[in-house]
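Below is one structure. I have some questions about it.
So that you can tell them apart, the chains are marked A, B and C in the order they are listed, and the count of residues begins at 1 in each.
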């Protein structure tokens, strides 16, 4: 049996490793704060057993899907239903076998690291996963999933999660959150307000989603002014259900204030279904300004995730739908794009914007200098493709000297896979400990400072950053 | 005498170095696969002795020329003939003396590292090169070059080169390749199809090159349809002579499918000599689509080298011509530019595109995510200015976590200098071993995985990547 | 009491640290060459005691101000006078207390590192600065400042500064420089010619500054031709006062030669106060060409600092003015933008341009290849936000393999805070020693080469780079 090494991911230089392990030991058992992620709250509302290993660990993880797909494995063979309803592979064991046969693809990748933690530490799998052991490992996990301790709420408790924020559209009624709240379980699960379906006029279901939201709010939306009221109404509703933050996805973080008349005109075009891409872009730029205004007024922390070209592979989108691993980053410009927003709200003590990037070249050049100046701007952690050993290390090395750790907000796991939550936080805590140990070993900071900074990165900065 | 240290370029941390040396030892004697480079095949066809040390190691190496030029040394003093035919320095010993006098410029650079290998390991020079030893070193190498063991074919065999691909224009008859094939020597030297002279309407000799190619093909090219047939014809000819790949140089990797009518119109303008830069750009974008289509159909692997502003220094171009060290990289965008090509061919199991970049900021942001999704896309190794210790290390650190090593194609030496071939492969094998040793030492992968991955990077992935 | 560790900032791997310390020991006592910075020459002309610790170390340091401001501390509370003259906090001890209360913000940042050196090594403070020790530390430094050894000229001498260049507008009479020259003190302080106020038509005080300059030159400026004469006249005046270099700040390093008629037209518009942003941009591009021409003719080394969006935070600008920490970098393109200038002057042995960047992604991609080719181009050191442990390390790792150290010009401290001068040079010398030690420890260079290169980086290259 291969256990996970206790010093894993720490520097192999013994001087650094010893300090890193000391720092890690002081923070490894802190409760998990998960202020941004994509777990489906219904899982906790229903609290039913997970169906099987393939569904839980392969079919719903776009990191796994994209790597297998890149090596020529069809999503059909992984049991992903086509949009037309066809499912080509119903046998979950065969799906698992495909995954296991190609498990070496993930060696050295974050997905591989998280998966090893899940197999070894969450499910106590004693075998190393490979094509040969696939069946045994499947059986072992499958039997775990039938046991009470692996029910979602019990995993949540076992993982010592203090708070978990989900991501929710404005047209959702937050029924699952209400059910959780009404249950006898004390898990702290909060919705986050993600209004992209309404603020992005390019959403093909914009009218439908607007209609749904309007029904939930209980009033008609006939014009731009109603639309603004609708968004304010839903934010209030989300706050009543515990929300502490909003989240916004944009390809470019362009911000620009329109006059009411201009905004109104664009809104009217959208109602008529005649918006063009330029309309969509400038309306989003304007809505980011409006979202910032509302955040200043209602105190919800604003999160901006910029730079992903969603569904770059049209064939994959048309055949299997979204979130199949075909989102690709693009170059991002922040200094000019965020100027309007930061000049209007960035000096206001009641406002807080947390920015994430997929373009690492913006760390030293734009984001650290911006966060090191504007009181209203904080940097989110290394995101998505950058949420990796090297990615987190580069984030610290490139953004901390100018931005300072106190202009950051700790770690986000950003996951939709529950068993990966402790895996991701453990990795982050190890890498941050390792980074700080490097500073101590070079006498850049001393050990007392490192202990304080270590706790800040793992816990305190999440609390203050998200007003928890 | 100073020998090369056996542990050179490996991490000085003994934990990492020991593992790195173990990995390196398992791969250092693998045959060399050189699927992309610029060696002149005539050298092997004729198999004449190299003329002298300066011609071989200084005058034909644009890496050497650019560094000397940057320090104020005229290309005239290095014996580079002017385009008008004038040669200001005929004395090869004096050229070598200039090189030796400035040899310290190359300390710590890849050129210096390769050159040390060539001097010490290929030519067994016992002295350290400097202004003082220049004459002795020159004499030593010069006498080597007269010996049979230093004939090109013998070097090729001594270097244990399993296959070497050259780069060839469509209007070449591949006579040298045929001569090699017809000889009693078994060296495996393959042409690669590089049609830039025809696909780039900005080529000042476009009409001439088109005419030459047409003559070789044996039919007239009167319209766009003939032009496409011509390219298909020449690809077939190259395949018959052993080609396995094509290669394409573009400043921007823009891809865009034109209608036949649009393409035809641009072609007609080119025939009339009235193409403008915008025509050239969009025609190239279209031809990349056509080249991808042909690759899917005929199985030649498509290579795309993007991002070099060729001949940036107009005075140098006008005086001494191309390849004098004046090509400068520019920013490159892949996500949007490659979308048309990848959406059309990137999901097709019969198609393979290998992309190279001069813009390292694209590794994490664009190329690794693209290669980690599209089955038809693989990443070429760190290229040109990035083919260095730090450059190869950054390539691994920035692209492997997201792209995975199995979406890469091993190493390319990309050289035109034969003695540098083993030098470059040795450096690459050391740096990759060092990278993997770092992962092992931090328990990211284990040593068994590292041995497999090490072999993959040095050999297996080149074979599969280029369908060898 | 906590002293600064003698091995601080060096690699903790003992193999590297020992070599690094050996290299550092050979250069640490070299005289300081400071060819680019922003110290006010009047400080040395008057040679009065510094007023107090807060004025010296907090209120005039935009690195300190921006970090405190980013954490919600008003510039009013730091005693920064508003543009309307209001000062909200006159008590320098209270300002110091605010700084000390937040001193942990600077842990791990270059500002923190420099400040520790200033406190411990310049002022011999025995206590660690914190909110608790603020008063004692203030008193200690304050008493120092009253002593003769802490007078500006004595600090200059004690710091072993061989030459210090200031930055001066064309409309300054260089009175302070003349006073220093006329005094019995031998400190070598040179002006640098920074004509942005005249070459940037967007300067709101352009007409006023033009008028002032014209008066100093003693002739009227009625047209573009006069304007060029004015600039030539002032450069000559600066040279007579010891200037060796010019300096230019641009958001984009765009260079473009206008015809005399075009330039004249833009100048006429400026005289009428009707220039628009496009005029400003193209006129600056043209003036960079003119400045290069003049540099070729008069031998002043041309420095180009590109990529800062000045005064990004309009509210801060309007309330407290410039240099408050609100300058933010933008993406920068060099290959295309510098082509006109480099093609015209970059091959000329009488011309030298030193380029600085705030966009690290340009190191490997553009700047190192350009500097590794054009004899007239040299790379300035890691600048501003990149003048940090990680930033200087990345600069070496990313630019030296392609550019070579001999196409760089050593270190610039770029400071306006006199006590930080030795702190910054010491840090630079440590990091460069550490970089070279890494190369030695991996057998990339040998120790003899490293000693030569170490001296070059700390001293020789500054002398040759700035023609000192």
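Note that a contact is a pair of C-beta atoms (placed from the backbone, for glycine too) under 8 Å apart; a residue touches a chain by one contact, two chains touch by 3 or more.
What you are looking at is a predicted structure, and each value in this text was computed from that prediction instead of being measured.
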Q. Which chains, if any, touch subunit B and subunit C both?
A. A
Q. So subunit A and subunit B: same face meeting same face, with over half the numbers shared, or different?
A. different
Q.
Rotating subunit A so that its CA atoms sit on those of subunit C: what angle is that, to a multiple of 5 degrees?
A. 120
Q) Using mean CA coordinates as chain centres, what's the subunit A-subunit B distance in Å? A) 40
Q. Residues of subunit A that touch two or more other chains: which are they?
A. 13, 361
Q) Once bound in the complex, which stretches of subunit C touch subunit B? A) 13, 15-16, 333, 335-336, 339, 342-343, 346-347, 349, 361, 364-366, 368-375, 377, 397-398, 400-402, 404-407, 438-439, 441-446, 449, 452-453
Q. Tell me, which parts of subunit C touch subunit A in their complex?
A. 2, 4-5, 7-14, 66-67, 69-72, 104-110, 113, 309, 312-316, 325-331, 358-361, 385-386, 388-391
